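Both complexes below contain chain A, partnered by chain B and then by chain C.
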Partner chain A sequence: MDILVCVKQVPSVSEGRLDRKTGTLLRADLPAVLNPYDGRALEMALRLRDQVGGTVRVLTMGPPSAVAVLREAVAMGADSAVLVSDAGFAGADAMATAYTLSQAIRTLPQPQLIVCGRQSTDGDTGQVSGALAAFLNLPFASGVDTVTPAEGDELLLEQRMGRIRVTARYPLPCVISAENETVVPRIPSLRLRLSAAKAQVTQRKLEDFQDTDPSRYGTAGSATRVVRTYRPPETVGKAILSESEVTGQALLDLILGKEALPNV
Partner chain B sequence: MSNHILPLDDAYTAYLRDESRLTGKAQSISFPTDEASVLEQLEALRQAGTPVTIQGGQTGISGGAVAQGGHILNLSRMNKVLDISWDADGTALLRAQPGLTMMEMRQAAAAFSGRRRVFWPPEPTSLTATVGGAAATLAKGILSGTGEETYIQSLRLVTEDGAVRTLTQGDGLLEQVLGTEGLPGVFTEVTLRLIPEAAEIWGICVFFEDFDPLCGFVDSLCQDKPQELAVAEYMDASLLKLADSRRSTMVRLKALPEFPATGGAVYLELHGDEASVMAAADKVLELAILSGCEDSQIWAVSGASEVERLRELRIAAQELVGMHYDGLEAGLPRLVTDMTFPQESFRDTAARYRDDPAELDIGCCVYGHILNNHLTASLLPQDAAQHAWAVAMLRRWAGISLSQGGQTAGSYGIGSLQRQLLEGLLPQEKLERCRRVTQELSPNRTFNRSAVL
Partner chain C sequence: MSELHITVFAELEGSALAAVSCQLLDQAFLLAQGRQAQVTALVLGKPSEATRAALCRWPLERIVHYSVDGPFRSDLFCRLFLAGIRRLSPDIALIGSTPQGRVLASHTAAMLRTGVTADCTELSLTEEGRLLQCRPAFGGNLMAQILTKTSPQLAIVRPGALTPPNAATGGCPIWETPEADLSASAITVTQVTAATASSALSDAQAIIAVGRGFRKKEDLEQVRELADLLGASLACSRAVVEMGWLSPEHQIGLSGQSVAPQWLLTLGISGSIQFRSGIRGVKRLIAVNQNPDAPILQIADVPICGDVYRIVPALLEAARN
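== the complex of A and B ==
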């Protein structure tokens, strides 16, 4: 099975500080890492490949420095890597990102399965995978917990939908968004890490795409723009209920505003 | 008496212990916030003739922070960074109050360091250890290497007479006071020297099925050591199995995949520029393969974040052992070695630490620095009887260490625990230095009376 995994380079959030005025993450000088959700998606793809055979290709859209996460992915076991990079792609929102990725994917041998992480730790939208599927006109499954090959050109997917789990058959090719919190990504072997440092990375720019209209990409192609990210203000009034006071009715009344908040 | 000196009632019983699992007693406690409050409180205690035990993060495993009567002076609220200054070569001098934890120190350094991070080489593995405690014991973590440099530029010391001294590198007294475990007085400021991290850092963990090939790998590594080798730590089979059993409950370990082999492991770090680190990594790969390892048994990560992830396995050792002691009957202190055996090989020391406890059916985890053969054996007795046998074994090992000209107590400190366990077998040079410095600076032995001497 030929699998393509979309990955992203993100700031190492665990070391980040927030700008006190704007509430935005201060990214400058933060080490960049493979988006942890994409790491789990990649692990899912590698396990599937190890099970049924085939190849895993990784693809990322970003500045030239994003090649680092591709090498990380190759070190983990991906067979090849594609860097989608062009000055015109900068500032892309989720939709423009998905369109860019779809155009890049159309220049490659068509994969049978495209795997994305649930979301990125910086953008947090969780929208790119679904939009990508729409642009590629492929079936899309979100919240995929496990993937099992089925007969014919199908996959058996277990999906988390809130508290409900769904098992469904999906035709290939399709796009999935992986959501398995328990998967622990493998740590690369030293040999693979050494060879990944020298691995060839395929490049894709705007000029390689079928659609070279710059207004479809980057800031120009974005339907949304982040104005500000901020921590919501703390709630002024709080209700503190002791265990003996907590009943379903009491909580419901509080939420519906039928009860005034006690003075605390 | 100062109204900041509080009676030690039930609210403060947590301050009667540290990670040695010894429990002490005290009549009062205080939490000064600056040098002025230290001076005020010490004056009140001096008037009352009260001995004082100085406490930092209570992470020590030698009982140095466990009071046996008197007053506890807990410095955890003296945790401010006072100043950071930078040299042209990227070195930082960080001046801080003694209660600053290693985690807080890292955060402060990261906040001001920009793209090129700095670190403090002696940083202990416990991130809640304090700067003052590390200076008092000359603690050494996995990044400390084999050198003697302390990376402590200066400190301010308050002695029992209320005098405040500034001790600086090169003045002779600083080097004498460091590592004397609080006996001469209270550190109210410590200035650390932080150095730039290497441009490229790789973490490599080599897992072995068996002890013999692991020893072969260590031998070849010591003979052909790459210059870029900054960390070389051993983790024995018992530690790996203990880690496996606790994997689901320890956050540190959840992010690690299943170990490819559990006969023992060697954790390495290569620090340097990209080209030299890759060449060194090639060398390590060659040595590991020659020792019989498969590719899947050799993990490798690069970059600070990923290296932290792999370091967690080695750092988890103390926590794993602590969990064992949590399950034992109260009053059984932790039994840990801090000895060197200069006349023998890694294989000999590791084998002794493995075989002697096994003969008595006592559990033991062995880990520690490979390059200077400074391994730690954490004994895991199941009950009081086994604990007594384990103490006897510790004393026998200490005798062997001394016969080889080794040290029987080092960066974990002597405290009150090692003082009791290894009476008559403690390093004389350190005891002499502690006596001399204490006699000079605080001759009434006001501070940490139950520790060391």
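== the complex of A and C ==
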């Protein structure tokens, strides 16, 4: 099975700063890592490939430095990597990002399965994967916890859907969003890390796409924009108790409501 | 200024109206106040008579209904939802942040080449009648206000604290059932079961939530024991799910569960806006954090600056007796 995994490079800590004027994220001052949700999506793809054979290709849209997460993915075992990068892609919202990814994917041999992470730790809208499926005219499955090959070119999926768990058969090709939080992604071996450092990375730019209209991409192609950021009003809290003031039985009574709450 | 048209996705849970749909309907009419506006609803599925009656509580202009049978299948439901939105052609569409809602929204936004804002916690209108969508801006303590320049403006809205239902208004809206193929789907659902952890959380009356203040997964066992002794459900912040210590159903926050227990004890959770948006319904919040500047200590009813590695054993000892 030929599987494609979309990954994103994100700042290593979920707390970052916004450029006050443009409302876009200031990524430069934080170290960058593979989005943890995408790491698990990649692990899902790798396990499926290990089970049924085939290839895993990873693809990312980002600045040139994003090649680092592609190398990390190859070190984990991905077979090939694609960097989708162009100055014109910067500042894209979720829909513009999905459209860019879809155009890049259309320039590659069609995968049977596309796997995405549930959301990113920075933008965290969780909207890219569903939109990507729509742009590629493929069925979409969200919240996928487990994937099993099924007869007749189908996949058996277990999905987390809030209060319920769904088991369903999906036709291939399709797009899935992974929600396999209990899975631990494999740690790259040194050997794979060394070969990943030298691996070929395929590049895709705007000029490679079928739709080369720059107004469909990046900031220009984004229907949504941040117009203002603000701090929510400060709340004045109650006096903070120290550990020594209330522990054990006294704290238990406070928790269970057997004692009146301390006054401000 | 032409009439503002807001459509609410009145999502069903089985044959009943989902709680978030009621909140969205209230929200839509609040936005419509003082303006020339109409509010409509879009329904997919088989509403019961009680649900039909419930929808009379709001003075909706009309309801577009696709009477699709069976469980949610994304290809079929997305196609019908898109058809409904195209038929209604609203300026604004409000969708609850549910697994179904999020899938429908992303598909619709892509197909209509319009914008969607996820996890809105506040909505308002500009003078010109454009939707101002507010959501926490990643991680820290900032809120972002977002505008969409295209139509319809799609907003996925988090459920807030529950509001009491309004009295019935007298009339009932017109139900439209357009022609559509209600069965074509390439997806076959073979089983639907309850996800035990998540239903326990949103209904739980007592919760203990753990955060990054713990150093390793094994340390949560003591907390689990404490929760069992106190009859509380175990929950966590997003960081704990990201580290793979607990499954996503345990997560409280913007991309997790909203909870409304009698009491919530947080251990080693700093209290980002994302987390706090999931605890608006909590009656009594007891928070333990080693950092006196942790935001959660500002909003807790009982804020404690201390080490969870001392407090948890002490509580456990008291609870065992």
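Everything that follows uses one rule, which is that the second predicted complex is superposed on the first by the 211 of 264 C-alpha atoms of A that agree within 3 Å, B and C clash if a C-alpha of one lies under 4 Å from a C-alpha of the other, contacts with A are read in each partner's own complex, and residues count from 1 in each chain.
Note that in this section a residue touches a chain if its C-beta (ideal position, glycine included) is under 8 Å from a C-beta of that chain, and two chains touch if they have at least 3 such contacts.
Owing to the predicted nature of the structure, the values given are computational and were not obtained by experimental measurement.
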Chain B versus chain C as contact partner of A:Arg231, first or second or both or neither: second
Partner chain in contact with A:Arg191 - chain B first, chain C second, else both or neither: first
Which superposed partner A:Arg160 touches (first chain B, second chain C, both, neither): second
First (chain B), second (chain C), both or neither touched by A:Pro173: neither
Chain B versus chain C as contact partner of A:Leu254, first or second or both or neither: second
Partner chain in contact with A:Pro111 - chain B first, chain C second, else both or neither: neither
Chain B versus chain C as contact partner of A:Gly62, first or second or both or neither: neither
First (chain B), second (chain C), both or neither touched by A:Val33: first
Superposed model, chain A: greater residue contact from chain B or chain C: C
Chain B versus chain C as contact partner of A:Glu181, first or second or both or neither: second
Chain B and chain C footprints on chain A, overlapping residues: 14-15, 17, 184
Chain A-facing residues of chain B, complex: 110-111, 113-115, 202, 204-205, 254-257, 278, 281-282, 284-285, 288, 295-296, 298-306, 310
Chain B-touching residues of chain A, taken from the complex the two chains share: 12, 14-15, 17, 29, 31, 33, 75, 184-194, 197
Residues of chain A that touch chain C when the two form their complex: 13-18, 23, 25, 36-37, 93-95, 98-99, 119, 121-135, 139-143, 156, 160-171, 179, 181-184, 222-232, 234-243, 246-249, 251-252, 254-257, 261-262
Contact footprint of chain A on chain C as seen in their complex: 71-75, 78, 98-100, 102-103, 105-107, 109-111, 113-119, 132-133, 137-150, 186-195, 198-199, 202, 230, 238-239, 241-242, 244, 247-249, 254-255, 262-263, 265, 272-273, 284, 286, 292, 297-307, 310-311, 314-315, 317-319, 321
